[in-house]
Amino acid sequence: MSSDVLQASRGLSPPKGEAIAIKGISKRFGSIVGVDNVDLHVEAGEFLSLLGPSGSGKTTLLMMLAGFETPSSGSITLGSRDLTHVPPNKRGIGMVFQRYALFPHMSVAQNVAFPLKMRGLAKAEIAPLVEQALARVRLQDYGGRAPAQLSGGQQQRVAVARALVFQPPVLLMDEPLGALDKKLREELQIEIKTLHASLGVTIIYVTHDQEEALTMSDRIAVMDKGRIQQLGSPVSLYHEPNSSFVADFIGKMNFLKGIVSGLDDRSIAITVSGQTISVARSQLGGRDDVAIGRPVQIAARPESLSPTQNGEGAIAGDIETTIFLGSHRTLIVRSDDGTQLQVQVPSSHRDSGVEQRGRAFVRLDPGAVRVFAGED
Amino acid sequence: MANATVAATDRATAGQLSRPASLTLALPLILLLGLAFLLPVAKLLWGSVFTPSPTAENYLRIVQEPIFLKILLRTVQTAAVVTCLAFVLGYPVALVMSKLGGRAAMLVAACVLIPLWTSVLVRSYAWIVLLQRTGVVNSTLMSWGVINEPLKLIYTEGAVIVAMTHVLMPYMILPIFSSLRSIPPELDRAARNLGAGPWTSFIAVTLPLSLPGIYAGSIMVFILALGFYVTPALVGGPQNLTIATLIGQQTTELLNWPFAGALAGVLLVVTLGLVGLFRRFLRFGKGA
Amino acid sequence: MSTLSETPALDVLQSPPASRAALSPHLGRWLLHGFVGLVLIFLLLPTLLVVPMSLGEASYIQFPPKGFTLKWYHAYFADADWMSATWFSLKIAVATTVSATIVGTLASFAIVRGSLPGAAALQALTLAPLIVPHIVLAVALYLVFAPIGLTGNFFGFAIAHTMMSVPYVMLTVSASLQRIDPALELAALNCGATRAQAFWHVVLPNIAPGVAAGAVFAFLASFDEATVAFFISGVEGKTITRKLFEDIDYNLTPVIAAASTVMVVISLVLMGGVEWLRSRGAKAAP
């Protein structure tokens, strides 16, 4: 371990990220299942987010990677090293905690120096590495301060510097920006992304903010009930969710109830709010046990719904309210069969005939919806 | 959402010590309590029943001989009176302390904490000085011409009660103070705003909400008073035995260990029983 | 008061009774404060009375004390018995402080951060010496210590007093441990520290005020302890409290007042230290 750091301090090639292979890992707390048989392969240098609602097992999975929880079953491999039973202090994986966990009795520089001190480096070797790590997070002049004298964002940057100073191949972050306000969060997102790009370290990033996951990640693992529900790039998760859970969790989504009214080997006809649309079989997410007469759910993004003037082939309803959002507006429409729909309208659509109140007709773009069968 | 996250990261099991490691760290304590607490107390109680053949004689003696019953009753009565006095005198102190801020609060707190942290022995000695024939109270009263002859104050039941009230009052004040402190001040203001006078508001709001502190303080003072040795031994003298001084007498003078063990057993059962009953009110510690 | 002015309507409606009522709360408050003042004098005076009593000339208890002399302090410091009792007590208190602090801190850590079977029972058992009457502890310890030569013995005292002081350490240290963010320790481990290093470099500095307060409480609990000391002292090994006990009973001279004053001063200096630590801790807390 310390030889890696030594090499780095002598200016040899910086260590790159390493791959992590998680195989069949589970964690049970008595009868509660925190993580349920998760398989996950994280590529070297990848930025992977664990995204999911509260209690979905993200932290538990991260704690097992860091060595703070022992898996009930399964294994973890870093590069070619089996980590499953390695104690946390021997893993050499960096970690950033949600509330920073900076040592309050040490200065910023001492905090950052701590991992190096624990690795037995001499004082003279530590100083330049600490300086370099602080410079990386633009805090080179803050080494002498106490953590309590820094703002939340600065404290989190110190935590990042401390986790990276020993050049770990993998960095774990558990909702690192959860305690910060929106603007600061966006600033730090960019900063973390930049660091990731320049260091090539593998990052596993826990968040329950789907926007954050979409903007930062190479891939996202959406978790629920201790399992990975879907793993994929932000684009594929957004456009091709394979369950209504993922569809609902990522981005804004309308759900309409439909009945399968026709079927062939390439397309499906669905009756929804009195209209019949035809979708391709490839738009079917998850289980594909569709049959004529069965109910299905149609998931449509607000941008794939549009208001029209006439009711021909459109869903009729009443506008409940209009929300102005700068580049576009969102109409909240209550369809005649009671479903609430969000319809996105470009702001320039002044003359589209859409009223603030009153009747509206909403057209569905059949090519842009997902269909889920066999779910309620 | 954010709160749930914090709780999840905070949960105690993450990175907790392994079972063998925890046991190793707790081992010295377990040994200490086992050898220096459980074992001696068990041996004392054992000796009261097995002499060496099992007998209830020592326990029966306590209830059968009037002198011992009388001492037992006196102990309970003294403890009850001390508890009441400590409450009546201590509650107003806690009340004022909870309303004050800054220097005044610190001053009152010091008046309560200084006695708590000076030796009971020193304070009992002070009461001897006060209550002696030639003591402070008698000399003062005589010099004022209130009395001509010194009063017999020391070695009376009254002396024991006054001195014990003094010694134990901080244990009443501190729990009441902390329960008063935890009452949001808005409640009193709200009651006043609804037309209650200060007295009504006190009876309707403050007093009921400080009940947990009153229970805690009372039970603490009562059990400490029941088993108190130093003050009754010094201020009460041999005529005013309590169960604690009786245990002392049985062991040091009469060497009747089985009987002392039985008395200790009774005291222990009563004390632990009371603590068990009022467990939820008690928080221990000598600090504020 | 302020509530009335915040509700002008009520103020107007109730204005005549309000002005009459204003008198009685004042009176009530004066009575209350006067009563509390008297109680505080009752609490404090006997405690501090030993100071003037130790400075008077008369060789018996006299009030008010006449003259001013330090001869009773000379007598105290010159008396071999008093000195050996004082040193004995101090040695026991120091040993108790060290052992109770170490034993209590380690056990608190195991209870708060570990997975101990029966942790709740152990915690309850730890507090028992605070509840069980000291007279019971005293005779029970005598019964066990006497046959094995631990009465009047430094080690006997150290063991007994450690058992009686450990609860104070456990209370303050557990409270501090529960207040610190458990992620700090995890972070230290993640930085490569071993358990012991994480405890030493990160946990301990952050619970130091609690440990120090526990240590002071342990010292005082030992130094001021009278009942057990009365029973397990010997002719040779005698604590200052046992010596006080004997002299109060048989030999009531102002030397006792001088010795008592010394005890009070030691206690108050240490307690002042704890309060200082506590106020500093309160300021440092976010």
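The chains carry the letters A, B and C, assigned in the order they are written, with residues numbered from 1 in each.
The rule is short, and it goes like this: a contact is a pair of C-beta atoms (placed from the backbone, for glycine too) under 8 Å apart; a residue touches a chain by one contact, two chains touch by 3 or more.
Predicted, not measured: the structure shown is a model, and the values here were computed from it.
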Inquiry  = Using only alpha carbons, which chain's centroid is the nearest to the whole structure's centroid?
reply    = C
Task = Go through A-C and B-C and name the pair with more C-beta contacts between its chains.
result = B-C
Note = Rounded to the nearest Å, the gap between Cα centres of subunit A and subunit B is 58
Ask   = Using mean CA coordinates as chain centres, what's the subunit A-subunit C distance in Å?
value = 54
Task = List the centre-to-centre spacing of subunit B and subunit C in whole Å, with centres computed as mean CA coordinates.
result = 14
Key: Touching two or more other chains - residues of subunit A   = 68, 88, 97-99
Query = Mind pulling the subunit C residues that touch 2 or more other chains?
reply = 181, 183, 186, 189, 195
Task = Going through subunit B residue by residue, note those that touch at least 2 other chains and give them in order.
result = 9, 13-15
Remark   = Residue positions on subunit C within touch of subunit B in the complex are 2-3, 7, 10, 21, 25, 28, 32-33, 35-36, 39-40, 42-44, 46-50, 53, 60-64, 102-104, 106-107, 109-117, 122, 125-145, 159-160, 162-163, 166-168, 171-172, 181-183, 185-186, 189, 195, 213, 217, 220, 223-224, 226-227, 230-231, 241, 244-245, 248-249, 252, 256-257, 260, 263-264, 267-268, 271, 274-275, 278
Task = Note which residues of subunit B are touching subunit C in the complex, please.
result = 9-10, 12-19, 21-26, 28-30, 32-33, 35-41, 43-44, 47, 89-90, 92-93, 95-96, 108, 111-115, 117-130, 132, 134-136, 139-140, 166, 169-170, 189, 192-193, 197-199, 223, 226-230, 234, 244, 247-248, 251-252, 257, 260-261, 264, 267-268, 271-272, 275, 284-287
Request  = Could you please specify the touching residues of subunit B with respect to subunit A in the complex?
outcome  = 1-2, 4-6, 8-9, 13-15
Request  = Spell out the part of subunit A that touches subunit B in their complex, as residue ranges.
outcome  = 29, 54-55, 59, 63, 68-69, 88, 97-99, 174-175, 178-179, 208
Note = The answer for subunit A against subunit C in the complex is residues 1, 66-68, 87-95, 97-99, 101-105, 114-115, 118-119, 148, 162-163, 166
